[in-house]
Amino acid sequence: MALITSKEYLESVKKLKPRVYVGGKWITGLLDNPVTKSMVMANAAIYDLAQMPEHQGVMVAKSHLTGEPINRNLNVATNIHDLDMRQEMALLTSQTVGTCNYRCVGCDALNALASTTWEMDQALGTKYNERFKNWLKMAQSKDLAVSGAITDAKGDRRKRPTQQDEQDVYLHLVEKRDDGIVVRGYKVSQSGAIGAHETLVLPGGGLKDDEGAFALSFAVPNGSPGLTYICQYNAYSAEREYFGDEIEEIGNPIYGQRETSTMVFDNVFIPWERVFMCGETKYAGRLVTRFAKAHRMNCGGACKVGFADVIIGGTMLAAEYIGVEKVPHIQEKIIDMVRLSETSHACAIAAAMRGREEPKGSGVFLPDDLFGNAAKLNIAHGFWEIIKNAGDIGGGLVVTMPRLKDLKDPEVGPTLKKVFGAAAPAEKRLKVAKFLQHWAAGLHGAGTWHGAGAPQTQRFMFTVLTDFDKKKKMAKKLMGMEEDEAPKAAAKK
Amino acid sequence: MALITSKEYLESVKKLKPRVYVGGKWITGLLDNPVTKSMVMANAAIYDLAQMPEHQGVMVAKSHLTGEPINRNLNVATNIHDLDMRQEMALLTSQTVGTCNYRCVGCDALNALASTTWEMDQALGTKYNERFKNWLKMAQSKDLAVSGAITDAKGDRRKRPTQQDEQDVYLHLVEKRDDGIVVRGYKVSQSGAIGAHETLVLPGGGLKDDEGAFALSFAVPNGSPGLTYICQYNAYSAEREYFGDEIEEIGNPIYGQRETSTMVFDNVFIPWERVFMCGETKYAGRLVTRFAKAHRMNCGGACKVGFADVIIGGTMLAAEYIGVEKVPHIQEKIIDMVRLSETSHACAIAAAMRGREEPKGSGVFLPDDLFGNAAKLNIAHGFWEIIKNAGDIGGGLVVTMPRLKDLKDPEVGPTLKKVFGAAAPAEKRLKVAKFLQHWAAGLHGAGTWHGAGAPQTQRFMFTVLTDFDKKKKMAKKLMGMEEDEAPKAAAKK
Amino acid sequence: MALITSKEYLESVKKLKPRVYVGGKWITGLLDNPVTKSMVMANAAIYDLAQMPEHQGVMVAKSHLTGEPINRNLNVATNIHDLDMRQEMALLTSQTVGTCNYRCVGCDALNALASTTWEMDQALGTKYNERFKNWLKMAQSKDLAVSGAITDAKGDRRKRPTQQDEQDVYLHLVEKRDDGIVVRGYKVSQSGAIGAHETLVLPGGGLKDDEGAFALSFAVPNGSPGLTYICQYNAYSAEREYFGDEIEEIGNPIYGQRETSTMVFDNVFIPWERVFMCGETKYAGRLVTRFAKAHRMNCGGACKVGFADVIIGGTMLAAEYIGVEKVPHIQEKIIDMVRLSETSHACAIAAAMRGREEPKGSGVFLPDDLFGNAAKLNIAHGFWEIIKNAGDIGGGLVVTMPRLKDLKDPEVGPTLKKVFGAAAPAEKRLKVAKFLQHWAAGLHGAGTWHGAGAPQTQRFMFTVLTDFDKKKKMAKKLMGMEEDEAPKAAAKK
Amino acid sequence: MALITSKEYLESVKKLKPRVYVGGKWITGLLDNPVTKSMVMANAAIYDLAQMPEHQGVMVAKSHLTGEPINRNLNVATNIHDLDMRQEMALLTSQTVGTCNYRCVGCDALNALASTTWEMDQALGTKYNERFKNWLKMAQSKDLAVSGAITDAKGDRRKRPTQQDEQDVYLHLVEKRDDGIVVRGYKVSQSGAIGAHETLVLPGGGLKDDEGAFALSFAVPNGSPGLTYICQYNAYSAEREYFGDEIEEIGNPIYGQRETSTMVFDNVFIPWERVFMCGETKYAGRLVTRFAKAHRMNCGGACKVGFADVIIGGTMLAAEYIGVEKVPHIQEKIIDMVRLSETSHACAIAAAMRGREEPKGSGVFLPDDLFGNAAKLNIAHGFWEIIKNAGDIGGGLVVTMPRLKDLKDPEVGPTLKKVFGAAAPAEKRLKVAKFLQHWAAGLHGAGTWHGAGAPQTQRFMFTVLTDFDKKKKMAKKLMGMEEDEAPKAAAKK
């Protein structure tokens, strides 16, 4: 059966033995540490969604390989509708967990691979596509959680991979063997890799001819020998450890902030049947670009829109709880929050609707780049506006509140209830203030910049993707300006 | 044959005898005055587009009444694809004429009427829909240019229509007769009414029960007795008169700025077969809302995007002509212009794609409101950013340039050619500066605010259309906050 | 001697016995808890500044009461230069501690009191000014740290103080006695009250005639019977507890985030010589407005500018450490950060320079309101732009980094050094990423909205303070439009 | 007598015999052409202001050369107060004429010359300063209108002056003679040169060693042999010609839009006593930078603020005339208009207040650069926001209105009065709509970008002027990060 329950997922997680370091400790199990547990619980909630009848249309797809129902996180889009449901899934999962769908990057990676391995095989006579399809069938049949790893550590940005003092800052090939390859290096900012059954690894960007050692793509199982995850640690990690099981004290109690890690590949062996690119530098940029194309639509135009939805909801509650929800300037700010998020959602829908088969014959559909980049770029800025407004309407309380449990303290609790009671009881006001603190004083602002690539990469894509010649011609025609003589003369000959 | 040529249109215009006042003069014919002529030429260009093989998909539709090919400006959308092509038409026409498709408002008005007359007939047993369909068949068969009239003069905004000192500031019923009705009042800011064969008149907004005299919709032919058009007049009108036939001296030489007029109805008689609403106040707001829904998608997310395209094209040329097109900050500004316009286009596409039949059973498809309002609201602000950047990159020349023909002056011409020569000859630089002047120091900035309704009306719609309860519930669920007890208790019983 | 050293301040703090609750614990001493200690250390640093020869001009003033040199935090401005140095002090302290000068609110409060008590005495024959001057002389002679308490808990915002279900949400009079008054209620979001020797209490806003019980102003010593401080607690509090003495692991190691508390007045007795307003409702609004006038200049146009300076500095370092500091788009973003902060600083300077004696005869100088409000309003928005850019340039690392001390871990440390080494060693990159995390994912964004009042209050002041009649007259004169006839006729008589 | 009346100025203008070309015609006298007349009338109004007792403080200064009262437009600032009054003058003149004070550029040019000629003489032993002072005494004694010419035609922006195909695109030296120099070339976008008695010419930017021919500064009298002015011509020029003497039909009836011309120097002879730089390339950049420093404060932070004042006034009237001035969103937009303009004014005040003697010993005071650049950059963007809001609140009428005089037309007038009557008579509504059209669909938006240099030049100055090292040090100190070892080691030696 290709769709597993959250319970089955949690069982499977207990069997994983990744080497995970969090804040000075090596974890014994992903569910034993409050930080790593929050990440796993978010994954579990995504499995749950696929079981709910009302979400089947969004969460469940039909495998183009087997015809079986599969979790959309493992689906290769083969038409416009698939693309549309893909971005709707990103919206739904964000509305549901208020953090990453940690299978999201993996999903976009496998679409990029489906397209590019097909293209490589066509052009080079390789067998990557077949391998990839076999791997995908396996993943679909077990409903695996798959994460995606793209971002290299990158070192000094002025230098190419081969010029770095420290070679490992880009993941690279160490050895080619009969049975597979050995790789080493670092992938940073890896969302949810620790709780995924597998990770799809892609190159971090376009490559030049002499950079073949970095043109690598493969699937690596969690717990592979030589693979270590060193987790992020920040104030919100400390807070979660501080409260331990009292998760109701946390802004996003169950699912938490976005948890990432650095994946350290220390001579990890990958058998050939899991290798989907090895040295084909010409296709590295193409593979990453296709990933980005998919991911910007989803990350920018849907995932963050789902975050915005819950932030808007929380902000409305904060306004109601002090009795100001009808004040004109409050309403104007709420309107802006809605406008900004719906605008990015529109970009995602347009990206899906103007999607197309790429490359022709592959059967794989990818979203339109221009609208996908617009989605990401708009929300990169818009999200800060949204949390800014949440911080405005939420009030100083958002950052000056005591602990929620202080309300239950026998000494100060009764007083605090009086202090913070308003149009709603103090418990509600502080609860929603804590929720808004999670967003307006949390990790997602800065995180939004960089998920799916820094904003400048999206800006750059506008230069690449816009047909400026067409626009110039239209302007010239309107002006009654003749096309340049030179080309005309040339044409005469 | 249901598609006429621009030549046939121009012939038909010569037969029109509207009573038109422009800048102190009563025109003898629409083609005899340089201002009114520019408006007519824009219409002619739209007729041309429908004849071009490459634009058939966008410009030509199949009549849902007769199955015949018709100009899309006369089409009632009966599916998603129709909505999508409708907004693509708005894009194409703006790219082509750089001013109004003057049949645009009429097109959106007839879609609103197709939907609302059907609904009235269903509920009230009236015959409006049949009348409307007969009129539409006639219009389609002759490929008429139809404008739409919505905006009343409105007088004192603090007062309802019945409270105004001057009743005529809202178009109203004077008399009901056996053969028809007599109406009087003013519709202002009417784009292209002077050159349309017919105008569809709608109420200006929602109405209360006692405001039946204002709940009027009908089709009125150009040149109807009692109907007068008093045209706008501004610096750009003066400039066109100044240059007369030398239209190449004008920023948008053939099609000009957007030309509007005040339509004065002085006891105009409308036979019953052309009346589509008369007193049904309950449906007035609905009719206008449906019009707005269609128009905001088109006006905001496509028409202005087409303007942006030619402005971007012109701005790129201006940069190239002085050799700065590769300077980073110039490129960044161009990127912003593209981002802003494509974002609004995405909103239009999303509005079309999330369109739906309204009301159920009518067969009429209308775009999604939220995305349509987002399209308009984004471009209302974005368009100013776009012309601001055009003014920045275009340079001081945009407002300090001499006449284009001064370049040909025997005395100053040779000097001016040297003064303004750069990476391109002075002729090109000044030509494109004049083009940008048309936009950055012209009427379209302020015009963009108010076409399809002032921005505040779109903002208000976000409040109406957003499902805030859903968002609040999602936030509460994430927080682990219980739904309010009261409803629960109620549910128990 | 009127200027004490930081050492003397720290000694004096050890003698304080406030009743302080932080995250479930009652502290034994302000220096014994890492959270409260950070606040005290910030105060100590401000005392240090006043000892440094290079900062005498800014930090030291001459008492208008005694002629003695005093810390500027205790100075009443009696001329333009004082106002200018006052805002420069706010800049300098923020640059130095990267958090509140916790004596800042107290300083602005005492200026408002100097002005308003003088005015009350003139009009009402009261003795408030004399009392206040006596108290101030004492405070100046001991160089006391004085905080200011304005913001009431406020409860339901739709209700006036007397209408609240819970009276204590506004601080109010309980009893007038021969020797003084008894007060109760809550002041929330009190920056640095726990570490101040005294707190100046002001009403929270304007009051109506029947709200005399809330028209209260007085000085209350730290540790007064009945006075309790319940501290804020958030992720950053947990992080500080987590790291304890390892403060180098914290974003702002010594001085931390801004620490606030709720001050609970449970029938606190205030002797008459410390009471500066008691029932004079008419002057309550004036007192608060004068406080706001001073505080908006300092908080908006100088304090946050100092924050911006260190954020810009940190962001430049982050860019250098990966080798991108010369990339054009990075430079453009830095430029915007500078522009935004310097713009607000300009508003503060203008506010000081256009300051004036208020009321006439009082000898007290207050800044110009319009420019002060502009300072605050601009930075309220600008600060989010600044931290947004810091998050952009800082990179994903800002939120995905591990602990700093993980670099020293024998197992993962060597690897992490390789992972994060770039154009600078990993230690430096992570150190500055941690610093930017403190800002871009910290409390100051939301805090900036509400310090010196929510932005809407500043917006409202523009309506109050702008001379619209003058502007209308200027426009009319330019247009050649006559002034309205009515006034003219009236003038004739 | 050093202060002349507007009447005396107008008399003097009649004696000028400049060679001026406007829209195909050579003018016979500046007062004979409606376009050139509007420019002269603006100058006359500035002369009037200096005669009004209430404006003496702003408009009249004391000559630092003679001690006599002079028009501030001819004053060299020798202290902070002078700088402050200088920017206040820019505010006042804009509020009064709603267009250029055409003596403004000349004023800033003479301050830059006072500073730089002094410096050159000190360093090089030249006599420029003495010559300049003699010329200035003469100008002050006759109260001359002096314009300033900086912007060269510039040709291909990728090439230096010497590399241009057409040498004349930069003004340059043709011949050095015993009695003076001969110059040729073009200065473009010259505001008010046609109506000035003299023009101070400066180089257009910094120069390299081999560009001595372009390092020129001198004073040239109106009507000099070889000097021709070719005026701008646009829709607003056409409109003014169209209405001729009926100036009340124009948006800014008397003073009009900003009028500029290209100054063509065709081997113009300048005697040595009027030459203030000739070949000293090293000082060219300095001279221009000092000019810019002064001009950005005035142009950005005061002139455009005065425009904003009358636009805000007009916008308020427009709102009142239809009865919406109390609607919350209207008020919010007005608030933003005020905030934006007052913010730039604050920057000007700060620039004046932080001004300083430059170079030391010269006695000449120049404003602070950073705040001056902030003033200009903020208003460059803010002004578009302001006219955008004027266009929003002004309504569609701003661009769809008929001629004002159509209200008096016997046929359509009575109807139009009814159409456009609201909370005020149609006459008032249309008058103010015309006024707003002048701004929101006029030349000042694009003009604002480029006056005092394109915005990018101001952005660039932030990079130059900001002490980034100081900011980095402050950040490092806060972080507890050590200064780099290398410098430390160096310090040891």
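By written order: A, B, C and D. Residues from 1 in each chain.
Operating definition for what follows: a contact is a pair of C-beta atoms (placed from the backbone, for glycine too) under 8 Å apart; a residue touches a chain by one contact, two chains touch by 3 or more.
Given the structure is predicted, the values throughout are model-derived calculations rather than measurements.
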Chains touching both chain B and chain C, listed by label:
A, D
When contacts are scored as defined above, which chain pair ends up with more C-beta pairs, A-C or A-D?
A-C
Which pair in A-B, B-D or B-C has the same interface as C-D, with over half of the contact pairs matching by residue number?
A-B
Would you kindly tell me how far, in whole Å, the mean C-alpha position of chain C lies from that of chain A?
39
Measure off the straight-line distance from the CA centroid of chain A to the CA centroid of chain D, and report it in whole Å.
51
Among the residues of chain A, which are close enough to touch at least two other chains?
329, 332, 459
Across the complex, what residues on chain C touch chain A?
21, 23-24, 151, 153-159, 165-166, 168-169, 186, 188-189, 228, 230-236, 238-239, 241-243, 258, 260, 262, 264, 322-324, 329, 381, 384-385, 387-388, 391-392, 394-403, 405-406, 409, 411-412, 415-416, 418-423, 437, 440-443, 445-447, 449-451, 454-456, 459
Chain D - residues contacting chain C, complex
84, 95-98, 248, 252-255, 309-314, 316-317, 331-332, 334-335, 338-339, 342-343, 345-347, 349-351, 353-354, 370-371, 374-375, 377-378, 428, 431-432, 434-435, 459, 462-463, 466, 468, 470-476, 478-481
Would you mind writing out the residues of chain C in touch with chain B in their complex?
328-329, 332
